[in-house]
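One chain, chain A, links the two complexes that follow: it is found with chain B in the first and with chain C in the second.
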Partner chain A sequence: MMNKKTSIAAAIAVALLASVPLFGSDVVVQFGIDALSMATLAQAWNLMGGFTGYPSFGNSVFYGLGAYGTAIAMTKFGMPFGVGLAAGVAAATSCAALVGLPILRLRGPYFAIATLGVNGAMAEIVSNLRIAGADVGLVLPLTRNDASFYELSLALLVFCTGCVAWAATSRFGMGLVAIREDEAAASTMGVNATLYKVAAFVLAAAFTAVAGGIHAYWSTFIDPASAFDSTLNVRMVIMCVFGGPGTVFGPVVGSFILSAIYEVLAAQISTAAALLFGVVIVVAVIFMPKGLADLVQQAPGVGWRYFVRNIRENGI
Partner chain B sequence: MSGEELLTVGALHAGYGAAPVLFGVDLAVREGEIVSLVGSNGAGKTTLLRAISRTIPARGVLRFAGEDLLPLSPEGAFSRGLVQVPEGRQLFGRMSVEENLAMGAHRRRDGRVKASFERVYALFPKLAERRRQLAGNMSGGEQQMCAMARALMADPRLLVVDEMSLGLAPVIVDLLLAVLRDIRAQGVTVLLVEQDVFAAFEVADRAYVMETGRVVREGPVTELAHDPAVRDAYLGAAE
Partner chain C sequence: MFPLNRKYLTTAAMAAGAILHAFAGARANDVVTLGASVQLTGSSANTGRYYKDAYQFAIDKIDAAGGVKVGGKTYKLALKILDNQSNVNLSVRQYVQLVSADKVDFLLGPFASNFALSDSSVSEKYRVPMVQGGGASSEIFTRGYNYVFGTLPAADDYFASTIDMLAKLGIKGKKVALVVADDSFDASVAKGTRQHLLDAGTTIAVDRTYRSGAADFSTILTEVKAADVDAILWSGHETEALNFIRQMQSLNVNPKSFYGFTVGVPTEDFRRALGKSADYAFGMTPWLPDAKLKDRWFGDAAAFAKDYQAKFGYAPDYHAASAIADVETFAIALERAGSLDPKAVRDAIAGVSFDSVYATVKYGTNGQIALPQVVVQVQGGKLVPVFTDHFVGKALFPIPAWDKRP
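Right, the complex of A and B next:
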């Protein structure tokens, strides 16, 4: 269970974040929406990549399906936003279950490649669907209320992190970790590995789809290239791994920090930002391969030797 | 001291795809017994265990505590108290001893997990000393203890131990055999699958000898140890 101190700190953090639209400028709120949604994506990826040990490159499929489900329901059927989100989640979770059953038999790089393939295939399918606007895309009804989108994104992140916190201490989460550590041993210990993996995949798909739906309505325009963007999936991986995969708060803190670094770099030096961002990530992977969460736990005891040890263990 | 039949295997056929391995195996384990299953490599011992733990399909009779096992999933069999200590231990190497033990109890819903921890630490004091150590960094004997302790954390009715002595020093094997007796004294029935017939016969009440997918001899170990065929095949000339 989460201890009292952590819960209080988390509650204060949420309250502070929730008050941002009250005094923050438009730019800050818009940055906040992106950062919160990115943190949700990293957290959802954490369920599969961090806890279960299955590095998915197919989470962008769920993001895209969430965005398209919402957009199609709203523009073609005149449904309200909430129904749109539900349609997006339904599309993404059924895709996760259908695709997950066969490809969750693959491990490691093979699983990663298969999920990458699913993303490419889904982008092609959608760009040939008339109802999805083919490769032109869809324009959603215009709304200008950044504060509500901000609070909605925050609520989603809090709910998603709450689910991960629950999973971390539940039978379900223990089963996922057992699968990550040794799938054969997990089966011997009475873990139904297939069921657990598909359940984690479906749960990750649901959160990712809601984030995609919110983003679609907020940005008011989607097309296949932006909705099924595999670089978005790479960002989920980077942010989760930077923060600490398999931890509850690591992915959230990690993605906040990386989003902020990227924003500052982009504002200061525009074009070279991506390059410098890459340098930050390379340095992070070399010096703290287990993420921020491990750094915070271990470094106070051993100081700078923490980094030396990591480099040694990396064999660089 | 032996009670009702806990595990009943009757005319069991099983195999992998089109390749049959077991040809009508009959075996019974009664409550409170230590039963040993011996046989050389390829006799079908591990296949029989897989069929019992429901990881491969099987035909025939398979009952556990009066209930038909055949329609159950591996998790179903596990939850009913049929727990294996797998060959090769299959510990979670990057987890501590204590985390490994907690994994053993992860399907339990009763509130007595804490008592189980105390019970297994009493059986294996070595593990209590090493509870914070990573399971993968321990010696083979300690890993075998950890695997047995993890299985006990599931609160089994029947503990199935596969190749317990493999690769362990004789002094460790003796220690583990003594623990098996303690485990039985606590009311857990034991099915011990062994290639080391000496070790198996030392602790078991009864034994089954398997060859090429069939049970070829069975009986109390005191009788089997003097059976000329068993002696020639497994115990060598030493007496």
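Right, the complex of A and C next:
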């Protein structure tokens, strides 16, 4: 999967991205932090939704737990940021394991529906916890170093993508794909489906939680509504599916492009931004349902017929 | 895996170009620019418009009167406003854009406490003063920030004057129900109100928090009815207040003497939507268009309200008046500071004291204004001010039961 050319291209891309704070304006850095962490969320979702075929609509719960774990450790116990992140990851991964064991037995829409409830329930629990600031939220100390938040977000994305790249070629990843294609057959062939699914879920939760923790420290304020934002789920799904679920670089490129489009729309024509963003997604799903990754691989050979074929296959 | 084809490159280049274009900005010589990112679209746009219109109105008025004299030189004020689409993350980015790329000189605030909480961290980070009239939550002012000032009174004390009035009407020893939404601002209100209620010697018989945006209050109302309380204190958002009152009526829930709301009651929409059912409801506002409030640029608050209505086609409320005070704070502080240096202006803001259409503007050491809420009541379809720290009008009290009204 990862041939030499791809590795070099990826390394150059990372080097370019890493140098952004050196010459980019503050606004670009600010946008970069958001875009990088959104890409991490899409990539983490990819593990479950793309490789394993279990579309989760509850990943934002891990984001929220990561944010709250970090915030509580830092503000209530005076811990450093690193310990806070670890606390967030611990909270999110244990939640993933606990929730994953029962609900990963559900398949298809039933799994999606079950995950939908988790986020709201957790927001409700947190808004009643005094240590989490209840409904008021938590205020974190202010730091004036956006460049390091940027580099941290980039490092997280690189690490997350590295893990996905490893998973794509490893026995673990093959197992996940086997589960996606036919879970019963995979089990028969000796894949421990439950273990694999829970492991993928926990891994996704860990990355999502770190992104949440970084966001909490960077934005200096979290409350249940912003930490457990259910629209975040929708965005990670859209970005991953737009880029190409089940591929290594698709979700990253997809989320960069969508983030940039959204940013431009928001800056230029704010009133219609949400509408136009919706149109972009509808068009993307109709013309390239398999995502950017598939488009880039297939379209150069067949040109516009690629889109026609997709529409035919969609049955429109 | 990604052979960079032309289509992809063009898209990326276009996106990057547009972003860079959007970020470019310049600063004119004799203009002081105030920047703000406000909810012009999305769920909070209805209140966001007050800020946009009032900011512009105040700036136009000050410029028409010759602008601001700063250290012997006269500057015009200008406004750079962005639409945050009721999205907190976007609003933070837009404030960074305002200070770093658009090079605005000073910042005005967004609407709502959760926005002000996040956005003011940008002003603190870049050490650019922000005067905001949209966030009242005490969390904004207890972080030890130096560059954020607020013209809405503390959320904790929203019910203070109401409870003061109830104490005079004999609430001591009575049972009270407290119903509040679960957002940051209303949680602040609840925290302060509980203390005020205990200090007034009442029992909090029902203390319920509901999810913001809830439309069904029947469970809470049944509980309130069963507890047979004397008064209901309610804090949330306007649409929810309308639903709450409608359901109170349909379930015939009658506190023995009183019900009051933090929001809704002062607005025209509220009275129009509820018709006769709006009668007797108590509410509060830090501001009424009173001719006694004198202002250097607008004359007085009554004249301001008339001009505002004529210009924008809707009546101003305290959000608009508070936004006017934000702009005027900068005008006064710039003259006092005699320089455009952010630190000097910040110190000048901390020391201002002037009369405006909104109130006498003066900031506490934490940066927040101290203002009493005027208790108001709907009486025969009209809004009547009733109580400040003494009675200023007649309260229709106790409120008659729904089925005993004419």
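Operating definition for what follows: the second predicted complex is superposed on the first by the 315 of 316 C-alpha atoms of A that agree within 3 Å, B and C clash if a C-alpha of one lies under 4 Å from a C-alpha of the other, contacts with A are read in each partner's own complex, and residues count from 1 in each chain.
Simple rule for what comes next: a residue touches a chain if its C-beta (ideal position, glycine included) is under 8 Å from a C-beta of that chain, and two chains touch if they have at least 3 such contacts.
Since we're looking at a predicted model, the values are computed, not measured.
Peer 1: Contacts for A:188 in the overlay, against chain B (first) and chain C (second): which applies, first, second, both or neither?
Peer 2: Touch status of A:188: first partner only.
Peer 1: On the A-aligned overlay, A:174 touches which partner chain: chain B = first, chain C = second, or both, or neither?
Peer 2: A:174: touches chain B, not chain C.
Peer 1: Now for A:98: first (chain B), second (chain C), both, or neither, which partner does it touch?
Peer 2: Once the two structures are laid over each other on A, A:98 reaches no partner at all.
Peer 1: Quick one: is A:131 in contact with chain B, with chain C, with both, or with neither? Answer first, second, both or neither.
Peer 2: The answer is neither, since A:131 touches no partner chain.
Peer 1: See if chain A has more residues touched by chain B or by chain C, and give me that chain.
Peer 2: It is C that touches the greater number of chain A residues.
Peer 1: Looking at A:296, would you say it contacts chain B, chain C, both, or neither? Reply first, second, both or neither.
Peer 2: In the superposition, A:296 contacts chain C only.
Peer 1: For A:308, decide between first (touching chain B), second (touching chain C), both and neither.
Peer 2: neither
Peer 1: Which residues of chain C touch chain A once you look at their complex with the stated criterion?
Peer 2: 1-5, 7-8, 11-12, 15-16, 18-19, 22-23, 40-42, 82-83, 85, 88-90, 92-93, 96-97, 99-101, 114, 117-118, 121, 124-125, 137, 139, 142-143, 145, 182-184, 186-188, 190-191, 209, 211-212
Peer 1: Considering the complex alone, what residue numbers of chain A touch chain B?
Peer 2: Counting only chain A, the residues touching chain B are 171, 174-175, 178, 181-182, 184-192.
Peer 1: Quick check: in the complex, which residue numbers of chain A touch chain C?
Peer 2: 1-3, 6, 9, 25-28, 30-31, 34, 124, 127, 134-137, 139, 142, 144, 146, 219-221, 223-226, 247-249, 253, 257, 260-261, 263-264, 266-268, 270-271, 273-274, 292-293, 296, 299-300
Peer 1: In their complex, what parts of chain B are in touch with chain A?
Peer 2: 53, 55, 73-75, 78-79, 83-84, 86, 90-95, 102-104, 106-107, 150, 154
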